[in-house]
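Letters A, B, C and D mark the chains in the order given here, with residues in each chain numbered from 1 onward.
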Amino acid sequence: MQVLIMYHSRSGNTKKLAEEIAKGVREVEGVTCVIKSVSEVTKEDFLDADGIIAGSPVYFGTMAAEMKEVFDTFIGIRKHMEGKIGAAFSTAGDPTGGKETTMFSIIQAMLIYGMIIVGDPLDASGHYGVACVGPPDKLAAENGAKLGKRVATLVKKLRS
Amino acid sequence: MQVLIMYHSRSGNTKKLAEEIAKGVREVEGVTCVIKSVSEVTKEDFLDADGIIAGSPVYFGTMAAEMKEVFDTFIGIRKHMEGKIGAAFSTAGDPTGGKETTMFSIIQAMLIYGMIIVGDPLDASGHYGVACVGPPDKLAAENGAKLGKRVATLVKKLRS
Amino acid sequence: MQVLIMYHSRSGNTKKLAEEIAKGVREVEGVTCVIKSVSEVTKEDFLDADGIIAGSPVYFGTMAAEMKEVFDTFIGIRKHMEGKIGAAFSTAGDPTGGKETTMFSIIQAMLIYGMIIVGDPLDASGHYGVACVGPPDKLAAENGAKLGKRVATLVKKLRS
Amino acid sequence: MQVLIMYHSRSGNTKKLAEEIAKGVREVEGVTCVIKSVSEVTKEDFLDADGIIAGSPVYFGTMAAEMKEVFDTFIGIRKHMEGKIGAAFSTAGDPTGGKETTMFSIIQAMLIYGMIIVGDPLDASGHYGVACVGPPDKLAAENGAKLGKRVATLVKKLRS
């Protein structure tokens, strides 16, 4: 079983949060974790994944065009994605500057891919996903790991 | 295993769609279906449910205040709802008049309750949930049943 | 010319932010400011206002049921609201816990009322409105005043 | 005074709706209308415009990556866009398949550019903007023209 963490990162903050989330995925025995930037990710990565956790910096309220392009161009494999687990994360420059709407832009794409969506668990923030302003601090890192673990645990439950 | 279908309906259209969704839930052996309006639903109904499918007519872009009140006042049982399945439906007077944002207002509440979200399956509309303008026609009824069946099937898989 | 600031507040935080926003409205000569809670506000307040700034604490991702009830029940005056200015604010317990989606639930209602929407100006946060976690700190207070001033200035320009 | 209509269109449906909207803009004396696809539009077009009406087909729930790229890459002129009028439109393959969330992805970008947002007027659909399934029919065409006229009228009022 495999979880793909897909990110776009210019400053490095979103990549750092991706790596924290990966730690949580790897806590779950039997689930492997692949981390790729949007420029590296392939259709095969989508097909091989049982769950995808996708994260973008906030660019004008929704995911970066570079990530949207991935969702748009992978349309041919849409029907193979149904029933896989999906979750979102984001990083921002401003505390109320689009982190939530960015995560929802990702969640909307995943729902249309037929995926099953989870937010971060109640012992993290218990909301739409994991997000932070600037680089992830200790709390964001911990919440990221909890999101990763939640997705991996659910993947294991559904695929076993 | 049990699925709760919660609706608010003044004209009767949303209730009709709820009943179509219930048919799909009942197709899955071992899963019972409870249908209640927001004025009838209790905290026990939430606690007893393994999945909730909630639907509202569009009132100014989000779920009716009567349904929001249910989510707001049941806050005390939030931590017991984590990991249950959630899905949304809506009915509208206008083709682009808030059906999607109404379903997202429900999805947002469910994510904060810690629930796991699914839209309608790809062999229905493959989007955020099931919606129609006016009373459900044949296609909306069929898609409703497919959503009900998807939720019930996932409940069975996760709870077995 | 008049701007209505409508809020719902249990803890007092949203009321405090409303008062900071009012300071900005009052900086604009010729524009009066009325502040009312959702339990006090009347249809006449809506009709008398040239602009409305509405704010809610985050309850499960959208405005509180008490505020939604106002928008739902004032439907009869919808056609008289077209072309008035609208803006949103919110307060939350969590940094990424629904402030944005709560402001959008308000913006969605206002758009369906036919209103013209502004966010907070670029010299504030330059996003969807003004929001804070807990009681407004100095920055949130300043940004609130800037939002109030922006709405009042636009009201004056459009109504003069 | 000038209104820019920016669209992305592969099938031609969104371009057709753009042209209907342009008819409404041109009804307002003193306001010129420029229509450009996202591959043609320049920063100067943004700067020259007093209002922008942007429309995209629904691709996985938000504007096409090609349009998002425009908003993302024009970040350098953000501060010059404050106070201009913005509105959205969309076309879809499915009646509840992302038209609203696509328009909101555009509205979110425009709010962060500091723009002032209007939906279509109450004598059109009175919601978030203008949208249709497939090519614009008579009603969508009329509503498009009403949106164009509303934006142009507001531009004239604010800039005069």
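Heads up, the rule we're going with is that a residue touches a chain if its C-beta (ideal position, glycine included) is under 8 Å from a C-beta of that chain, and two chains touch if they have at least 3 such contacts.
Since the model is a prediction, treat every value here as computed from it, not as a measurement.
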Other chains in touch with both subunit A and subunit B: C, D
Same or different residue numbers at the subunit B/subunit C copy interface, by half rule: same
Inter-centroid spacing, subunit C versus subunit A (mean Cα positions, whole Å): 33
Separation of subunit C from subunit D, taking each centre as the mean of its C-alpha atoms, in whole Å: 25
Residue numbers of subunit B (touch at least two other chains): 61, 97-98, 101, 104, 108, 111-112, 126-128
Touch-based graph of the chains, sorted into line, ring, star, complete or other: complete
Interface residues, subunit A side, partner subunit D - complex: 59-66, 68-69, 71-73, 75, 97-98, 101, 104-105, 108-109, 111-113
Complex contacts: residues of subunit A adjacent to subunit B: 78-79, 82, 104, 108, 111-112, 114, 116-119, 121-122, 126-128, 154, 157-158
Contact set on subunit B toward subunit D in their complex: 61, 94-101, 104, 125-128, 130-133
